[in-house]
Structure formats: C-alpha cells, structure tokens
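When the chains are written out, they are named A, B, C, D, E and F in that same order, and each has its own residue count from 1.
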Amino acid sequence: MKFIIAIIKPFKLDEVREALGAIGVAGMTVTEVKGFGRQKGQTEIYRGAEYSTNMLPKVKIEVAAPDDLAPKIVETIQQVASTEAIGDGKIFVLDLASAVRIRTGESGDTAL
Amino acid sequence: MKFIIAIIKPFKLDEVREALGAIGVAGMTVTEVKGFGRQKGQTEIYRGAEYSTNMLPKVKIEVAAPDDLAPKIVETIQQVASTEAIGDGKIFVLDLASAVRIRTGESGDTAL
Amino acid sequence: MKFIIAIIKPFKLDEVREALGAIGVAGMTVTEVKGFGRQKGQTEIYRGAEYSTNMLPKVKIEVAAPDDLAPKIVETIQQVASTEAIGDGKIFVLDLASAVRIRTGESGDTAL
Amino acid sequence: MNRKILCGAGALGASLFAAMPAWAQDAAATPTIDKGDTAWMLTSTLLVFLMILPGLALFYGGLARSKNMLSVMTQIGAAACLAMLIWVMYGYSMAFGPDYTSGLSNFISTFDKAFLKGITPASQAATFTAGVEIPEYVFVCFQMTFAAITVALVLGSVVERIKFSAVMVFAAIWLTIVYFPIAHMVWAASGYFFKAGALDFAGGTVVHINAGVSALVACLILGKRIGFPKEPMAPHSLTLTAVGTGLLWVGWFGFNAGSALEANGSAALAMINTFVATASGALFWMLAERVNGHKASALGFCSGVIAGLVAVTPAAGNSGPFGAIVLGAVASIICFYAVTVLKPKLGYDDSLDAFGIHGIGGMIGAIGTAIVYSPALGGPGAADYEIGAKLLVQIEAVVVTIIWASIGTAIAIFIAKAITGLRVSQEVEYEGLDLGEHGERAYNY
Amino acid sequence: MNRKILCGAGALGASLFAAMPAWAQDAAATPTIDKGDTAWMLTSTLLVFLMILPGLALFYGGLARSKNMLSVMTQIGAAACLAMLIWVMYGYSMAFGPDYTSGLSNFISTFDKAFLKGITPASQAATFTAGVEIPEYVFVCFQMTFAAITVALVLGSVVERIKFSAVMVFAAIWLTIVYFPIAHMVWAASGYFFKAGALDFAGGTVVHINAGVSALVACLILGKRIGFPKEPMAPHSLTLTAVGTGLLWVGWFGFNAGSALEANGSAALAMINTFVATASGALFWMLAERVNGHKASALGFCSGVIAGLVAVTPAAGNSGPFGAIVLGAVASIICFYAVTVLKPKLGYDDSLDAFGIHGIGGMIGAIGTAIVYSPALGGPGAADYEIGAKLLVQIEAVVVTIIWASIGTAIAIFIAKAITGLRVSQEVEYEGLDLGEHGERAYNY
Amino acid sequence: MNRKILCGAGALGASLFAAMPAWAQDAAATPTIDKGDTAWMLTSTLLVFLMILPGLALFYGGLARSKNMLSVMTQIGAAACLAMLIWVMYGYSMAFGPDYTSGLSNFISTFDKAFLKGITPASQAATFTAGVEIPEYVFVCFQMTFAAITVALVLGSVVERIKFSAVMVFAAIWLTIVYFPIAHMVWAASGYFFKAGALDFAGGTVVHINAGVSALVACLILGKRIGFPKEPMAPHSLTLTAVGTGLLWVGWFGFNAGSALEANGSAALAMINTFVATASGALFWMLAERVNGHKASALGFCSGVIAGLVAVTPAAGNSGPFGAIVLGAVASIICFYAVTVLKPKLGYDDSLDAFGIHGIGGMIGAIGTAIVYSPALGGPGAADYEIGAKLLVQIEAVVVTIIWASIGTAIAIFIAKAITGLRVSQEVEYEGLDLGEHGERAYNY
C-alpha cells in the first residue's frame, strides 16, 4: 500500500476530491497548512511594518491507497490540481506498511 | 522504528492519549484535520444554499515508536477509539528510518 | 529521497526556515500542531476548573529532500531549533518513494 | 425656513402623519428648543451611526469569507466616511436646503446651504410639532448618518469582487444622483412624494427599497463571484454576523424612534413597534424554515431580525404594535422565500442578500404601512382613513423609487467601471481581497 | 391609574425609597411629562436591550465550546423575542395592569391591559415623583427588556445540551408562572413585597435571584453535559466573553440608572454606584484568586464584573458609593467561592454559572441592600432607619422568591420535557448543537 | 462652589470659549437643572465608558498577538477599575475639589471632597452657561471615565511584555502625579492653563498628549519586545481592531459632544466636527498610503479614524466643520509618517502606537485648535480673535504637559519596577502573557 501526500492550492480541493471520488478513492484526510517554496507571497504591511513571509496557505491531502491504485491517484491529482502557475504544489508517495480500520479492526487493503 | 498515524473522532482524543500513556508512549503529536470517507456529514444550509461537504472534523495522532511497541499501540488505539459507528477512522503504519531528539541530538529509539 | 518531519517550538520557525534556505532547501510545508511529551504544559484554570492538558502548541515542518541533502537538513534543524530546554521537539526521517511537481508533472529529485 | 406646516392640525395623530419636519414659519410664538429633544436626537444620531461601523460591517463581514473580511469592513467604513464629507459639502443642501422656485423643487433643493453655509450652533430645524425645534446641526448629523448607512447597504450585493476604488467612485455618484433626490422627494416638505402624502416614517423607501434595488442592479452588472453558486461560500463567522445583527437592532431604534424628532409618545410608539415587529420577524423566519423542512437556523434568526426591522421602518410611528407584529411576520416570510427560492431560481449573485432582504422587505413595509396605518387595525390613522387611496400613493412611491434607483445605479456603476475597471482580477478574487486590495490578513492566530 | 402614592412624602430620600412607580392619582395638578426623562428612559431601554443580543449572547457564547456557539446565541435571541411578544400580549398586563380587587392583587394584576388595550402614544405612566410622568409606551418597553433578559439569563445553566424547542416552551411557561408574578410582587404598588417595603431598586430579586435559582433547578433536572466534569470544556473565546462583559456593564446602567425612571440625581447616584461596585467586584475577584494561590485571570475579571453588577442592582439608588464598593467586594468574593469551591463539591453542572453568580450574587445584594441603605453607612435611608427590620423584609423576599422560582421552574421544565423531550440526543451533543440543532457552523475560517 | 464665572458674557460664542464648567456663584437666580442636560450627560458618560472595555480593549487587543490578547484586555479593564476607585477616593477632589488658597491651586485642588464628602444626589455642578447646572454625581461620573480611559491608553506602548502587577502599581501612581494635576490645570477654573486661556474642548492635552507622551517614556524605559522589529508581529485580528475602532468612534461622541455639558447647539457642533474630522482622517490616511506606493489598508483606515478623533478632541466645539475636516486630514497624514517612517527610524517599540497616534495627533490637534478657532476659518472665535497669541498659549500648554508627563511617568515606572520587577520573564514573553500571567488562553476553537 502507498501513503500519498499532496500539497495543493486551497481552491482546488473540491475539484480534486471529486476527481478522486470518480476513480474510486473512498476516503482521504485534509489539513490546512502553510507552504513555503518558489511561489512568492503577498507582502503584508501593518503600519509600516512589512512582512513578506512567503508562507502561503495550502491544503494537504493524505490518501492511503492500494499499490495498484496509487499511480492513478498521483496522475489524477497532478492533472486536476495543476493551474500551470507557480505554487501548484507537490505530490509525495511513501510506502505504507499497514492500515487498520478502527471501527472493525479490519486491516490491509480492505481497511482503506 | 515505526511512524504511526491515526485518524480518530475528536472526542476520543483524551481517552486514547491516556491509554497510550498507560502502555508507555511518552509523546505524540496531534493535528486537527478534516476527514472525508464513508461517514456522511451534516448538511449545512445558509439562506437556502445547501452544503453537504462530507468533510468532518477529525483528529490526527502521530506517534513514533520502537518496532516492538508498535503493534501494541495500534491495538490500543483501535480498541479505545472505536465506537463501532461509521467514521471511527483509520490507523496507518509507516517505516521510520531515523529519529532525533532536538534538545540533545540523541537518535534512534532513545530519541522517542 | 527522504521525507523529513520535524516538530519544533513555534518561535523557532523563522530561524529554522532561514537556516534551511541557506543550505539549499527550496520548499517546505508547515502545520500548526499540538505536542504531547515530557514537557509539562501550563495549567489553565477557568472558574475553578483546572485543565493541565500537557498539549503544547508546536509547529511541524515537512521537507522532502534528496538522499544526500537529508543528513545536512536533519543536522541543521537539530542545531538551530535546539534551546536545550525540554520540549524542543523531534526530527523523524522517512523514506520517500516518489515525488511529483504538480505544475509540471516532473518527478523525482527535480520535483523538489 | 420658507416651508409651510403641512400637518400641524390635530395633536398627536397629525404629528404622526408625516415622516419629516414641517418647518414652522407661521407659528405665532418663536419656536423653542427642548433639551430633552436635543438629548434624544443626539443619542439617536449615534445609534444610527453605531449601525454602520461595528453594526453593518460585522453583519456583512461575518457573512463573507474570511479572506475578504477586511475588504468588506473597509469598503463599508470608507464609503460611509465619503458620504459624510459629501453630505456636509452639498448633500444636505441638495436634500434639505432652501427650495427651488421651479418644479425642480419636487426633486431636489438648491445648493444654497452647500458647505453648510449659514448654519451655526444657534440655527434651528423644525420638528413635526409646531413651535418645537431642534438645533439644526443635530438635524444635519442625524440625516447624515442615514445617507452614510444607505450607501453602505448597497455594497452587500457586490462585495468579495468589487474594487475598493470602484466603491469610492460609485458611492460619490450614487449618493448624488440617487440618494439625495429620493431623500428630498420623500422627506422634504416640497418633495414630490411628501406632497403626495406618502407615508415613510423612518426611511423604508429612501433607505431600504433604494439600497436593495440598487444592490440588485449593481450585482447584475458586476456579475457573479467566481465559483458561484457551485462552490461552497459559507459565512466565515456567523458569530460576528449575530453580533452585527444585535448592534443593528439596537441602532435601528435611533433610526425609527429618532425619526419622531422628539422624545415623545410618537418616539415611544416607534420604539415598541420596532421591538415587536422585529421579534416577530425573527421567529417567523425560523418558523418558515421549519415549515419548509429545514432546521430553524441562527442565520435565519438574524435574517428575520433584519427583515422585521426593514419592514417596520416606514411603519414605525404609523402602526399599532399588533399591526407591526403582523407586518414583521409577513415581511419575514416573504423575504425567506425571496432569498431561498427566488434568488437561486433567478441565479443572480447578491452576495449578502441586500436585495432579498432590504429591497423586498422594504417594499412589503412600504405597502403594508398603508394597511396597518388604518385605525381599524389599531393604527394611528384618522377615523376617515381610506386604505385604498393610500395604497396607491405608496405603490407609486415604490415604483418610482425602483425606476429611479435602477437607472441611477446603472449610471453610477458604469462610470465606476470606466474609471476603475470595477472588478478585481481573478487572481485577487481567489486569494481574497484582503491581501489583494489591502495587503493585510484579517486573522493571524 | 388606581394606585396610591406610597412614598411621595419627602423630596429625595423618599423618592429613592421605593423601587417602582407610585402612580399619581391624587396629585392636584395634572402630571406632566418632561422630555428629558423621556429621552433618558428611551435610552435606558436600549441599554438594557443591548445587554441581551450582543451582550449576554457574547458573554455566554464565549464561555461555551465553539461547536455550540450559535446554539447559545440563538437560544438567547429567540427566547428574548418570544418574551417580547408575550409581554405585549399579556405579560405587561399581568405585571403592571389594573389591580384585582381580591387578594390576588398581591401576586398578579388583571388581564385588562392584555394586548396593550387602551394604551396610546398619549398614555402616561407615573414615576417616583408626584406629578412627573413618562409616556406609558416607554414604561412598557423598559419593563419588556427586563422580562426578556431575565429569561435569557436562566439559559446559562442549560446550554450545550437543551433543545431549542424546549427552550421556547420553557420560556413561555416560566415567564407566565414565575417572572410576571414576581415582577408584580416586587414592583407593582399592590404587590406583596412592595407593600412590605422590600428594597429592590433595579431587580436584584426579580431578575437575578429569580434567574439564578431557576437556572439551578433547571440544570439539576436536565442533568450534566456528557463528559462533565472530567473532560476539559474550556471557554472557546474568552475574547468574546470579555466583549460581552463590557457590553453588559455598559447596558447595566440602563438597568440601574434607568430604574430611577427620571434623569435626576437618583439616576446619577445609581450610576456612580454601578461604576464603583463593579470596579470593586472585578478587582476583588482577581484578589481572591491570588489569595487562593492562582493567577489573577481574565475570566476572573469578567466574573467579578458580573458579580459586582448583580450585587449592586437592588442597591443602586439605595446606597452611597462606598457602601456600594463594599457590597461589590463582598459579593464578588462569596461568588468566587461559590463557583470555584462549592459547585465542584456539589457536582451540579451549571454550565455558565448562572446560579453561582446571578443567584448567589443576587442574594448577597438583596440582603446587603438592607445594610448599605443605612445612613450610618452613607446610604440614603432616613435618620430613623432600622437595619434589623429591613433585613427581615429582605430575607423574606429572598426566601419566597427562591421557593416560588424553584417550583415554577420545575413545572415549566417538566412541561417542556413532555412536549419536546428537553435534551438533544447524545450524538448531537457530541457533534455540537450548532450543526445538530441549527444546521450551521459558527466558524468557517 | 467658590469659583467665579470666567466666561459667562456673551451667549454662545462665549459658552464655547472655555472647555470646562464655570461654577456659578454670582448668578442672581438659583441655578436650575434641565433634565435634558442630565439625560445627555448620563448618556455621554456611558459613551465614554463604552470606549474602554469593549472599545479600546478590542482596538488594542486585535493589534496584539493572540497569545497576549487576554493580557491586553485585562490590563485595560483592571487599570480602568482601579482608576474608578481612586477617582472616588481622592482623584475627583484633587482635580475638581475646592481650591487651595495658595499658588498650589494652579496645579491641584484640596482633598476636601475626598471620598466624595458632602456630595449627595441633590448636589449640583455648573456648566458653561450661567444658571444651568447638572447633578454633581453626573459630573463626577463623566470625569471619572476620562481618568479611566486615559490611563488605559498609556498601556498601548507597553503591552505584550509588562507585568499585570506592574500595570496596577503604575496606574495608581501615574494617575496621582500626572493625570489629576494636568486635568486640574486644564479644566478647573483655578488651573494654570485654564486661567491662561488654553483651549481644550474635550481633552486633547489632558488625555491624548498626556497619554501619548507617557506611553513613549514608558516603553523606552521598559525596552523592546523580544524579536522586535525583526520577527513578524502581525495583528492577530484586524477584525476586532476594526470593531474597536467603530466603538471608539461611537463612544468618542460622549467624549467630545458630552464635553459641552449640555444638550445644546455647542454639543451639536462638537458632534458634527467629530463626524467629519474623523471621516477626513480615515480617508486621508488611506490616501497617504497610496501616495507612498502602498495599498490603502484596513489598518490604515482604523489608524486614520483614531488620528482624526484625537486631533478633533481639543477642537470639537472650537472649530467649524470645514476647519475640522482640514485638521483631521493634516493630523492623519502627519501621524502616518510618524508611525511608518519616524518610528522605524528611531527604533523604539511603542507596541500599538500610543505615542505615534495619540501623542503626535494630540499635539497637532492642540496647536491646530488655535488656528481653526479663528472666525476667518469658520471657527467660533470672536471677531477680534488673534491666532498668534493663542498659538503661544497652546504651545506652552503642550510643552509643559510633555515635560510633566515625561517626568511623572519615569517616576511611576521606576517605582513599579522596584515593587514588581516590571517585565515578565523571557519564557512568559515567548509563551504569551495570557498563559504566563493569567493562566488562560483567549481561544480554544
């Protein structure tokens, strides 16, 4: 199994979620994060104090998936979340050693 | 070492933390997240605009643990966090390559 | 590639980010989390109800990095984030199977 | 001070009849100022003002998304400030200055009091009671707050995408060609509707229909927000909206009871009506939700409060308490359908329902006032009051206002577009107007 | 207007004696209305109203968990609206209508003024000074806000688990069988406590003891919140609670200084007492925290403010400033122990400490008023004032109110339970009443 | 009541001349109380009070970081409470009590009215109009709120690092050695500046210069916040700051229009000036931002509002509306540069710009008042008014106040340091004063 982490632009979340649903992803977990990268942030000024933190609001999606579905997921996210503008984000794939559904105690692919 | 990620219902957090403390887990990191899965969310309506996002508030617990303690941790979380109702959440286990305690620079199991 | 997760004290974030920038880390993702560990939290009292949750605000940094840069990153974070006081946090390193830049679809080290 | 008393005849009934001061010319004795009236009118002025900056800014701001919070608050605040400056420059004179001798006096006054020329702390302004006056500066201030809040109300339909600079241009033009004339027509003794006997105690037509219709026209020209209606755009803080609702209600007593211009039984009647019509509006909106199979909601409560307040505005001193209760209920239910059924059907994007609540509620109120004014229904009308005749007058006022406001708004918006471009870039709209237009974030927790 | 002046004798001392209007029947000259009084009473009415929707809603709401924020605000708002409608329907008549000729007049008035029958903008209501009156509609409004806030206060003990529908049923019944009678007993000239000479300037007994005791009984019947007291239930926004505290304090001047019914020296005395007793309460609560080994806290500050305000309510015009300072300090310290020591010991779940602060603080205030009233302590009592005798009267009023409120609340809660089920499901309680009862979230950042 | 009428000559012009009551001794008839004045002054008192607890607490609190929110609010609230208690104990007497017969009367009054000795609800205080008085308790309350807000304003420069206990010690000493004397000097008939004819309608010198300069001195002694200016310290909630701004503006009318002490044309003039000067200040700050290449910001709007309010304070009844507009604009632009250019250059850490806005704005206002007072510019000065002479008087008052406040503040801060240690530990500063000093978090979402 794979554990897929995608960092995307917040306004793309709904689209990505729908697209993943369409290819059979039943669940995912979403976190609000701040991203730091090539994309430059807005400069904020408060009474003359300038802050250009370059920390931009992003959304992190985590999806655990069976090995065979993983490439399809990565591809889908990449396509749907892309605006071709800087700051679109990244997808990271990690190996997932095991997965358990808390409600039932089921484990492995069926837990997802 | 293992890196255990558990998504649970928010009101179960205290119980889970206590149970993990009891089996010798000294630390963990907690994040507020939104979960998307089989569990249906409440429908929100604002002046006629209906949103049924299916995004539900969940809590993510991350615990790094020595290999031998990991199964016990997974089991404990599964038992304590279960309400046998849909949406109880998942436990994911990843391999952890290395761990460092920032304060001392110690690494490996003793860093946890 | 490696996926590095560091839990640090919030006020150390700026320093760590700068230090990482200096050694060539181009991006990272930051999340506000609550940490539970050896460090004791403040006791909060509201009209006589005492809560000493031991849950302290921390910041989680996630950096995906090429294998060769990873040790340098871990070392830098450890040094910069350390105050030598309890609660300084942890660094966890996981193996990263693959990485994709959403904007371009590039993958591997060049995606970072 | 060249106006005739229009309605000084009977004692109280008559003093409730009209909605604005009949300037005392012929009064035998010199008119006196009662400090109790002055105290109440100073207070009322502040109450109306309270409705704008914390009140409306919170009500509207809470309904917006958090990335646009400061933008909403700043647009409201700055438009109100601009309105104040324009008011003392020429607005007051256009609305309440000395009359033209030509037929123009039906629509505006002369500019003879521009820059408040000739007004001193000793100047006086008439009330509805012959022989009773208040300091003119108080009257200037009181009416100034009405102009300021009305233009701010319009913005409810266009926030989250209109440029700050466009708001400023729009506000200046709209006040000049829409608000000042209509205020004159309804409230000045020489005004067209005033002479026709239209009832508008505290501004149902001038403020609410006017603002609501203008809001609709403005948002139609401006276009929808990106993502509307597919993307969820839940209010970022209904807590703040509820706080705003409370402050609006509190401040509205300055609006309604202050419009009596005296601290007397008429003000007290306006006050009790403003309590009960609103309470009724709030509960009936929630009831309408239940009847339609939904949960009774907090936003429903708030919306019902505003609908009730809007509807009772023209009727405040022109109704008995139980007429007001019915009026509040009816307006609330109709606004409920306007907002939840009609709007989605028509598909326009009135972001915060300025039209659905102020426009529709204002119309119900204006027309309903003709009904609840009847003594048969507990209203303060004379024994020989005829509902039918008054209904026609009220409807005429409503229709003319709708047309006037629509045309004027279209002109103002197109000029704003020519000068400023009107709408922020798509990028700024995504990222939020707070960062894009003002370089700030509302929240840094 | 068939009541006798009870206490029109001396000038000021006497005018401070009683806490409600002595209706002028025998006054030789026709009573006149001073517009300054009217202005102040209109303002005071709004101040009390300000205490409810932004004030109490924020104070209570901030103390709740964020998942229940809208539920708290909506319950308060809707209960207040319902109270207003019931008030004009029959509440005013039950409390302040024409008297029964039977002994029933000790407890309630007749329904002859139901639906405000016979009241017009020209009707007048007496004040404490013979010959001075205010428009009756003003008096109706002023007293209406008291009824509305009192029922809202009760809710503090039951929020986060009581159903919205249960609140509405409870409110209607509780007002009818508890509030209106007790208001009549204390404030109407024919009322039992009024005749006994009980001192209650602005509603210590009617509002605070009444609400506090009812809150205790209601939460005992309703049961604890799931997880209480083990699970942390920290206030979701002490910022909002502090804002609510500030607004409550501001509004309370309408309550206390408004209860003079005139803009005079008695109102000014009530005002200064309301400043200093509260300042004292705030600082002494923080001091009590320090003495008990804790940090002086923001919530302690807020709690002390409320305790001080509650305690000074019956004493507002019945004390000198330094008596008020002592009263505020004593009440604050005792409430501190009630809330932090007694409540955990007894183990009941009064969510927001409506009993611990309003109930206990109200009792200290009611009894303390008998003491600070003494001229020996700087109070406005006559030279021959006897503390002991008055103490007995006050204690009797307190005890009777406690019993009456307890029984009435039990009845009202059980009826609400029968009709609505009273308590939300466990699932809704976990998830929050905002989503479960109203289908909304307070915050969508 | 042993003071002479200083300026009772002409009718209105003269009544605007001085900024505080001329006690009527020689008036032939017994001075009467108008309930309209009383009503307005009771209301004004509450308006000023509204500025403190929700107003300033939100304005300042929103600008702080969320970890220090409660600390800011509690420091403001508790300092204000302490000020109230000190005021009734000896502050009122020091500022407005009976005069010393020695030259000391230039600087303070005797302690003969300590503990409000001899004041009853029947006591009266003079206004600017001979023969017109208000209840003395009202005057005591009104002035009390000024003392309370002034000390709270000072805290703006030291929050986020000063200890709560240090605030309390500082407040007590600072009020005694700085505020009471300066209030006496400016507003009491025997005061040094008053006799010199200094114009200060509502407290530009006493409140704003005083607070601003003291704030600067206090923050210089205290030192910078850790991380300043490198670390970002963005306001945690500009939404709350904007709400606070709105409430400050509303409340400021009590400050300015209330300082007329009557509900009359002078109060109305002060009101309209307070509207337009502020509107002008708000828009010109945003304009200054644009001119300097930045975006017009929400915080700029709020800052401009405060700068305008501060500047118009001494001029409120001493200017025509268009003089006020210019004054607001000039003050706003200069404060803009003070805060965005001067402060970073000098490098001091005035956390919330108490000096940059209140101090600088107050000086512009005090000096500008001498100019706009001129009848040539629409001001209410007499025909033979000489700007030059008055300018010197105003500048003298400003300079003396600066020196007095600086020395007094230094003394107060060093005493606070000796007793409490002044500054929180580095650990507490990192973690936030809410947890470290008060054991609470402002937000638990």
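A few points about this structure:
Methods note: a contact is a pair of C-beta atoms (placed from the backbone, for glycine too) under 8 Å apart; a residue touches a chain by one contact, two chains touch by 3 or more.
Note that the coordinates shown come from a computational prediction; the quantities given were computed from them, not determined experimentally.
Think of each touching pair as a link: the shortest run of links from chain A to chain C has 1 of them.
The chain pair D-E and the chain pair A-D differ in C-beta contact count, and the higher one is D-E.
Because chain E and chain F share one sequence, their contact can be compared position by position; here under half of the interface residue numbers appear on both sides. With centres defined as mean CA coordinates, chain B is found 18 Å away from chain A.
With centres defined as mean CA coordinates, chain D is found 53 Å away from chain C. In chain D, the positions touching at least two other chains are 34-37, 39-40, 43, 232, 234-235, 294-295, 297, 299, 439-441, 443.
Contacts with at least two other chains are made by residues 31, 44-46, 94-95 of chain A. Every pair of chains in contact is given here: A-B, A-C, A-D, A-F, B-C, B-D, B-E, C-E, C-F, D-E, D-F, E-F.
Every residue of chain E that touches chain C in the complex is listed here, in rising order: 229, 232-235, 294-295, 297, 299-300, 303, 339-341, 343-344, 353.
The residues of chain F lying in touch with chain C in their complex are 227, 231-232, 430-431, 435-436, 439-441.
Residues 11-12, 16, 34-37, 39-40, 43, 47, 65-66, 234-239, 242-243, 245-247, 249-250, 253, 257, 262-269, 271-272, 275-276, 278-280, 282-283, 286, 294-299, 301, 305, 321-322, 325, 380, 443 of chain E are the ones touching chain F in the complex. On the side of chain B, the complex with chain A involves touching residues 2, 5-8, 31-38, 55, 58, 60, 74, 77-78, 81-95. Residue ranges of chain A in contact with chain F, taken from their complex: 44-49, 51, 53.
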